[in-house]
Structure formats: structure tokens, C-alpha cells
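So that we are looking at the same thing, I have put the structure below in C-alpha cells.
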């Protein structure tokens, strides 16, 4: 008996301190310089501008680095970055940038024309994922003098200043980055913040860069905390563990946070679009009437309302809302939804209730989030409401979908999404509609009029003329419907009530250095 | 002289799904200090159960349902487990049938002994070890083997360890359950001789359980013959071998090959031992008994004292007397 | 003990064909569908550039060349580099994620063993009585529990409704202890970092309880069966006959002997622990090997997935070997 | 003619006689059997039981359990109760398919491998052992990710990891039976190899299958659920408990508990059914564990 009681006693001895441990609140670190903590479910894939090709890592580079030009926060307007000014040669072939003087990378190397040339050459030499954003357009980079650098293009590209803001154009130091391979140093950048500590997939700690030319970041210390799962992130926001929850909150969580009203929710249309692609070179969708019928029957509103709980907006053009030249082309052509028109077109094409148009609609459950299956289900239902279409849903895992099925033309009609590479209507149209690139996207669409319009818009410098050209492109696209836009993403950030300076803009890159606590 | 052990009307039943097995059904018997009783019977006759019930170790679903076991004039059927533990190993100890399995394979020989000693005596580990070495010496195991494990020993050696364990605390009574039956004949006799020697020097009472009647004859002072859960004949060894009054004893002794009487015809006992769930109403040996009468079927014979210290459970001797 | 060395060498050599077979299956099957370059670029880069990158990664060679190239590297102890993102060495990827899995597995294992042996012993000593039936049922039910479901239920109860515990992640913001072993709880203790310790334990509770409860049923059953079997043995009867207390009989003689078969089964059940850990990690977004594996399968990061398979196979082999060695240590009858 | 050492059919009949539960644990098998039977019936008669179409929006989004939708609605306004009923079809069909595939391949290969022996046997045993000793789900994840979603593909991915169980069991039995008297005798009277394998060895082997089968089915239900939970199971909108559980997981932080609780519960109940049945059969066939 005695022995037994001893046993229990021992157990209590072990448990007691654990309970005590548990009950002690963890407040010790909170009193020091309180950093702003941002939570995200994204990840830093690779910290090298020559290799990285995802939005989140680009966002990090826009905080620890800076391009020759940058966007004015909250707009798609360009403003000077590490270049004070630039000029374009009259033939559009040469762009000459004048750099700010006396800048230094965080490893002490000077940031001058030679450094810019070295960085851009490195991207082109490594030929990695995003390098085409440079090499497809730039012929060579020349050092004019210590603070002047000249880009010679392969052919005139009207949106070159937009390209220059992208991450592959952000200069890095030759001291920290090796010339011929990928590396992930935490020094050797130049931007408002510098990296204090980085634990992959756990957290990124940024501190103000005292050498930055511009105003110092509003918060001296900024922490990014990486989550694997949005529900966890949401609870962390509610318990106050993070100050900002960025981007990937689920619609239901946004709705419920809104109704609770304890946190601020910020939303703006983002440049992220979703659409359906029809394979135009083979039956059945070589018949334009069938493409039009699908375009007319889709219930965009229901997708936005039900699957996304109002966190996305119906989209009627491939050029997103908020971008210059955007028109609601599909709305003008078909209205919001036109079941009668769809029925009429299907009947014309020879289908009836007894002999419905049978299609396989493809989607991928592993790339566009949990709601993709729901989106596909709603599209199926909305097409079947015509009574003349019978949809079989098919799915494939993303790698198969992207690597095999799209370019092979396996899927007659399928769901896809687009994050822009650079902010210009060209990036939303040419790849899908130009006969040279449309097979890469599985569209297989070819129309000389369209090719002509797109080519012209690419080289035209005058923005007014370009706007007109892209309007024509959109109208023609709506008529032929090789791709059918569905909806446009909304960028969402949820913040604690005392957080200010969260400026969302269509560039999708959040600027940490503007965020502060009231 | 006061009896060391007295068992009165002991009944031990096993409650199985198929019914109640009356393994020990009304046993009476007593023995004196230092005396050796040979408990003999076929397998299944209840002799092992009887042995275990003296230690109150009848395995479940077995239960002592009636009767008394008076040890040192205490009724141990009434003792609780805690008091019982003080008796086990210290006053009454047991040597088991299979030396292979009755030792913990993960424990050194020495540890078996020290554990037992320390359970009952307040001694230090060192003292216990000394005592263990002494005991091993007594049973003829060289001291350097104390640190070996059971599997490193031969069968006979292991049984010596079993004996050492049993005599460790100088018990008054030792129950040896078929403890030589798994050994070969030569080792059997070595062990038996060791046992005789120890018994004399420790002045222990002993219950020697065996189905081998010739082996029992080597060591027992008294013979108790069991049949179907009951003692049918209880007599001093010499008298038993001379007279063997019960028909079963007679049949049994006839079935044993006797070295001295090599020309004797070997007989076997016809029929099967009775079903202990539904034993025959009258005498349990009746179905196999060559002398059976109607009375034997109807009524159970009492245990009759045919002469001092000699008891038989058979109507034939009842008649003689009356 | 020299023979033990021989035994170990033989066991390790036997593991080689096993790993080779698993690798061949995984290697061939993985290349049936998709490749990492397309999975990442997904139509953004021009087709020619995609081809170029594939060439850089050696993905355009015939599969058989890729396979033997890989095996060759593997034999030199080189797991290769990841095919995606930073092309980090696979060893680094594994090394970054393994401590999390290890920490989860260890704590879950301890929980399951404690629950399992306790309930199993109670069941075995109450044979066919109420407690026995209860714990047998417990064993059957826990084995049928679906880890994500228990996980989600615990998340709902303790995370969402009671708000007591975090439902995902390993540690709070800026709390990561200085890395010594990579196990946060241990590192916090070693560096006497009290805040980190609290945070790490809080994060560890739900996942390890989920996995621990799931596994405990097996140990309940094992302990029950083997202890029951052992308690039938003669030496137990003999120990009782020597007047040993019931506790000494059950724990010192019974449980210790029953532990040998339990231990062997532990080795065999180790694969189940890994499987459970993968599901637990994904449910609780625990940044371990399971999460890594799942993420990299989606991106067709062949080399990393292969590396993880090899690593898991090695762990299984090592653990089984370890079990054998402990077995030999506990059971004096076994000598290799 | 030839004395068969042990007659499986007689053995099973005699055991079935004792199947009627008499004591505590024997109810396990009965309860397990009832659970499985009801879920199978649920799957067969799903259209009659389910009040709504499981893949159509029939109510508001995420309605709490109420009179109209007794288990509530999911994120697309579909009736969770109806989805659970139809989900039984998915679970039962994939499980049975997987078990049948692994059983047939495992038993067949095991028979062949054990009987033929030699190099053939060594190679097969090695492959099977490799798969057997590896954490099954991990292999299944890789396989199903590559094979793509679908009933058959998922069943195959699951079957691959359970085939070795049958293989090893059957091979072991064959090896011991091969040396036994009655096979020797059959050979002595000139029976062909094929006859020996199928007429003498196979029936003896097959009697040990039910326990393993039932326990494997329990595992297969869990593996299917796990694959679906990871999004590698069946394509949407097929009602599938694992997939629905995952979908429900997304709503967790908003205190919306019903879309995850109920599908998960079904997984647990079905697994429990198979485990109980397996445990029960095991107990009945191996009485030494009883007493």
C-alpha cells in the first residue's frame, strides 16, 4: 500500500511543475520593442531573385530590395526606385537609367551601375525560372558610367518599365551571391528592411536598414510568421499572436471575422483572375457556338456568392478590373447570364434534351485551394441548368494537369488561374490569345486579326493607342470566347484594430515598411 | 504429537463454462511435523489442486468452496491474501513440476533467491546474497554459477535451484508437485536423495505429489491415494504396499512394472476415470471396480479406519467391520 | 558481442534490396505523371524555357539513365538536390523537417506506451471482468480512430471552443529556442528558455495526444495478451508460491517477461507510428516530414520524395535493428 | 482417399455453431457484423434513405443541424446527412474493391511463390517484404497522387499496400503444407502440380483468410479516408467521408463543427465495425485466447 502511494506521489511530482508551466503566461518577450507580426500561409521558396518565381518571395524582395523603378503604394503608377530617372530612346530600343548615388548593399558592397549589370547578367546567365522576364526582352546591359546603366532591348516593348519593377531586375550584391549558382544569403540586398534572422518555414525577422535612402520603415522590427494552415492563422489573429493576417484567409473566416467586428478587414481587387479554357482546335470546342453557349450559361455570381462567400468578384474580361483598358466585354456580349441564348446556340449546334451536349470539365484540386471542387461543382450545375448539357467532372492533381494535360490538349474544357508576371494588359491577353503562345496554355486558338492587334499593342508606346487596341482585343475575345473569364480575386488582409498603413494595391505586393502600430 | 496440517472435508471446484468441475471433493487428511506424505493418483485426480489449495493458489476459475485447511492450527482458508503471503514460501513452500518453466528466464539464479529471502526477512542485499550462496552450496550448485541465468542450467540443476528456493526460509512444510517427473531416471534419483538428506536436516514435513507410485515408495512415510477428487486410501507406506486394500490400489499396483517381480503379469485398469462434472452418484470407482455391488452404485462409501492410521474408502471393509 | 556486429551488418545488408525495390517503384511511378518544372511554372514561362530548365535538371534524359544515375549517387551517400525552388540538397530539407517529426513521434510514443501498458495491465489482471472488457473495447476503438478526425475534434474542443491550446504550428512567434537538438522542448530546457518551453509544450500537446491515443490501443492489446500469457506461466505461480507480493509478481516477473514480445511488436508497429505521424502532421500543420512529403509530391519534386522514402526506409530498418539489440539486452537467452 | 489432416469446412461449421454470443467479448463480432451490414444496406438503398440529392445545393450555406437538415448543410448548401448516406457507397465500394484486388493477387502470388520456390520465390518475397515493412500510407500517397483520382485508381493504390499481407500469410502456409503428409500423398498418387495447389493447398489456405481480411478492411477504410482527406481520393462532387471531413476542417475556426464531425464519425464507425468483426472471428477461431 505504501509503495503504491509513493507511485502516485511521484506522478504528482512530475505533473505539478508541468501544470505550473502551462499556467504561466508567456509575456516576457512582449514588453521589449514590440515588432509587428504578419502571418501568412505562403512561404519563401528560394531567396534568390534569379530563381524565385512566386508572389510571396517577390513580396519579400520588394521589402528587402528595390528595383530601378517601383509602384507608388496603392496604385499601378510607377515612381523612381534606386534609379532617380530614366529615358527611352526614340526608337524604343534603349532605356537609360540614372542611379541614386552612394548606395550600399547590406554586405557593404557599393550599389552602382556595375552592380546592376552584374545582377541582370547573372539572371540571364543562370537561365532559371523567371529569367525569361529579362532574356525575352533584354539584349544586353551596358555600364555608361558609375551611376548610369543602359538596357538595350531585342525589340521595342512598351511595357518595359513595368518589367523593370519585377524581382529578376532587383540588384543583389556580387559579394554575397555567387555568379553561377543559386544561393540564399541573408545579406547582400538593398531595401528599406534588412534580414535579421530567417528560419525557413517558421519566421522571417526584418529590421530597418539604416542605409536606406528613403524614409525609415515605420516599425523598426517586422516579423513574418509562416503558417501551414489558414485556420491556425485565423485563431492566431484572434488571440493577438499576429497583427496582420495576409491574403490566404478563407472566405468563411473573413465572413465570421467581419461579423465579430474585432479586427479590421481590408479588401481590394487583386490582379489574380480565374477563367475557363476551351480547346479551340479540336471538337467539340472548335465550334464557336458551343464556346459561346458555355460563356452564356456560366453563373459567375453563384460561384462568387456560394463558393467564395463574396470574397471574389465576377469578371467579364481577361484584363482585370482596375487595370487600364478593362471593359466588361463578356457582359456586353452575353449579359450577366443568358440561359435562353445558351439554349438557342446549343439547339442550333444540334443538341436537344434527348441528345445533350456531353462534356468533360476538368479541374485540379491541389493548386487553387480547397474551394476548387466547389467551383467545379457549381459550374457543372449552372451548365446543366440549360437542360442541354451534361457535364462529367474530371480532376487531376496539379503536376499532371500542368505538365501533361494542358499542352497535350487532353482536356476539352478546363479551369485555370493566372497571377500576372508583370502589371500590363499584355500579360493577360497575349499568352492566351496569340496563336504563337496559346498552345502553351492549352487554348490552341488562332486568329490573324487577334495576332495583329496583340502585336501592335505590344510595341505601341502611346498609352492612349494601346488602350484602344486592348479594348478591341477584349471585344473580339468575348465574341469568340476561347477563354471565358470567371472571377477576379480580392486581396484581403485582416489586421488588429490598432494597425495602420496596410496598403493593398493591385500589384499584390504588401509593403511592410509602411505598416505601423497606433 | 500435534498435527502440522489437517484438512477437513475440503472441496475445491473449478467453475468452467461447461460446468462445475469438482476437482477436490471432500478430502480429509492430516500429517505430522517432519512426516512425508506421498500423494498419489492418476493425472486429473485432483492431487495437484489439493497441493495448490494448501497455498491458496488454486488458479481461477477454481475456488475453495468448503472445508478447512488447518496449518499450525490456523485455518488458512480464512486468511486474507496478505497473511497468506507470509505463509507462502516461509512456512509452506513448493517445488514445481517443470524446472524449465518455474524459473523466471530473465532473472539470475541468485536474484531468485535473494528476492525470496528479502520478501520474508529484513536483511540487506549482501546478507541475502550470502544466504543464497549457502543455499546453493547445500543443493550442490557451485557458487560461481549464482550469476547465471536459468537457461544456462541443465534440468537437474534447475530443479536443484527450485529446491534451494523452497528451503530458503526453512519451511515447516514442503509441497513437491511431480518435481522429478521431467528429469531422466538417474537425475531423478540424485535429486530424490538430495531431497531426503535435506528433509532430514531441515526437519520438514513434505507432501510428495506424484503419479509414479514406485518413486513415492522411495521417500514417503505415508501414502495417500487419490481417485477422482477423493482420497480412497490413506496408510503408512509399508502397510500400504503390503496390503493395498482398495480395489483401485490393487489395480494400480498391478499395473506398475515391478523390477523384483519381473514375471508378474502387467495388468491395466479397464475403463476411464469418471467425469468430474457429473461424478457417479455412489462410489466413484464403481464403474471400473471388479468387486462392484448394487450398494456401491447407490451410496458413497465413507472413509473407514480399518486399523490405526489406515483408512480406506470402500464398502468391502465396512462389511468386514460390521 | 562480435556476433552481434555480424548480425547488424547482415541486417543492414538485407535492407539494401528493400530500399532498392521501394525506390524503383516510387521512381518509375512518379515519372508517369507530371514534372516539377511545369508544376511550378504552370504555363507562365515560354515553352522553350521550360524545356531548357528541364534539361538543366536532367529531366529530359531517358528514365532508365535517370534511375541509374540516381542510384549511383545514392550509393555514394548522396541524396541529390531538390528539383524545385532553391534546389537545396535533399539532406538539408530532411534535416530541417525531421526534428519536428521526431519530437512529435517521441512524445506520442511515450503517451501511447504509458496509456497502453497501464490499461493493458489492468485488463490482463482483471481477466474477463468489466475492466478487461472495457479496455479491450478501448483497444479496438482507438485502433479504428481516424487520426484527422480525432485531431479535428480536439482542435474544436481545446482550440476553438475552450481556446486553451493552439491548433497548429510548433511554437509561438519569436520563441524558437537556440537550436541544439532541433527538438524544441529539449532545446528550451537545455537553454533554460522558459517561455519557449511553455510555448513548445502547448503546441505539442494536441498533436501528440492525438497520435498517442491512436497508438495506445495497440499497446493495450499487446500488453493484455502477452501479460495474460505470461501470468499463466509456471514461474509466476512459483513466484506467488514463494510469497511474493502481487505487485512484485505482476510488474517484476510478469510485465518484464511480457515486455519482450511487446518490444518485438513495437518494432513492427513502428511503421504505423510513421504513418500516424504523417496524418497528424498534416492535420495540425506540424512542419515535419509528413508535411514535407505531401507538399513535394504535389510539386513532383522527385528527388526529395525519393529521399524521404529512402530516409523512412532507413528509419524503419534502424528501429527494427535497435529493437533487436534491446531485445538481446533484456532477454539473456538471446545472443546473436 | 487421402486423409486430410484438417478439414476447414468442418472446422468452420463447428466454430460457427459456437458463434452465438455467450460472453462479453463474443458480442464484439455480432456488433461488428451489424454495423457493417447496416452500412452496406445504407449504401445499397442510399437513394431511398437520403432525403436530398447529395451533390445539389438544397438549402442555405452551412446551416446548423435543424429540422430540415438533421445534420446541417455544408459549404455549398448540400445536405450533410444525404452526403453521408451516399458516402457509404464510396467507402464500401473502394474498400471491397481494394480488399478483393489485394486478396486475389496476394493469395495467387503467395500460392505460386510458395509452391514454385527457388528464384521466383526469393524475388517475389523480397518485393513483398519491401512493401510490407514500409509505412503503407506513405506509399499509397505517392501511388494515388500519380495514378490520379477515381474509384479504381484509389482502390489499386490501397490494394498495393495490402497485397503483401496475404502473400506472406499464404506463402508461409503453403511452405508448411507442402511438406505435410497429405500433399506428399497426393503427389505419390501422381496428382499434377496444379491439382495439388488448387485442390489440396488452396482450401487449407483460404480458411485463414477471413480474420486478416476483416482487419485489413478496417485498415483499408482508414487508408481511403486518409487519401481522400489529402485530396487524393475521388473527384468532387462524389460524396466521400474523408473528403468531406477535409472540407469541414476549413470551417473549424468559425466554430462550424458539423461538416467535419459527422463524416469523420462515419469513418470511425465503419472501421470499428470491421475491427470488431475481425476481433470476434479471431476470438472464435483461436479459442486458446479465450477461456
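Details
So that you can tell them apart, the chains are marked A, B, C and D in the order they are listed, and the count of residues begins at 1 in each.
Here is the rule we use: a residue touches a chain if its C-beta (ideal position, glycine included) is under 8 Å from a C-beta of that chain, and two chains touch if they have at least 3 such contacts.
Because the structure is a prediction, the values reported are computed rather than measured.
The chain occupying the central position, as judged from C-alpha centroids, is C.
Placing every chain at the mean of its C-alpha atoms, the farthest one from chain A is found to be B.
We define each chain's centre as the mean of its Cα atoms; on that basis chain C and chain D are separated by 24 Å. Computed from the mean C-alpha positions, the centre of chain A lies at a distance of 36 Å from the centre of chain C. Centre to centre, using the average C-alpha position, chain B and chain C are separated by 54 Å. Distance between chain centres (mean CA atoms), chain A to chain D: 44 Å. Annotation for chain A: residues 231-232, 235, 366, 396-397, 400 touch two or more other chains.
Looking at chain D, one finds that residues 23, 145-146, 148, 246, 249, 252-253, 255 touch two or more other chains.
Those residues of chain B in touch with two or more other chains do not exist in this structure.
Those residues of chain C lying in contact with chain B across their complex are 127, 233-235, 237-246, 248, 252-253, 256-257, 260, 330-333. Chain C makes touch with chain A in their complex at residues 33-47, 49, 52-53, 56, 84-87, 96, 155, 159-160, 163, 166-176, 194-195, 197-199, 201-202, 247, 285, 287, 291, 298-300.
Remark: chain C residues 17-19, 21-22, 25-26, 29-30, 32-33, 128, 133, 136-137, 140-141, 143-149, 152-153, 155-156, 160-161, 167, 225, 271-272, 274-275, 278-279, 282-283, 293-294, 297-298, 305, 309, 312-313, 316, 320 touch chain D in the complex. Listed in rising order, the residues of chain B touching chain C in the complex are 55, 57, 59-60, 81, 85-90, 93-94, 96-98, 101-107, 115-116, 119-120, 149, 151, 162, 165. By the touch rule above, chain D contacts chain A in their complex via residues 55-57, 61-62, 75-77, 145-146, 148-149, 231-232, 235-237, 243, 246-247, 249-256.
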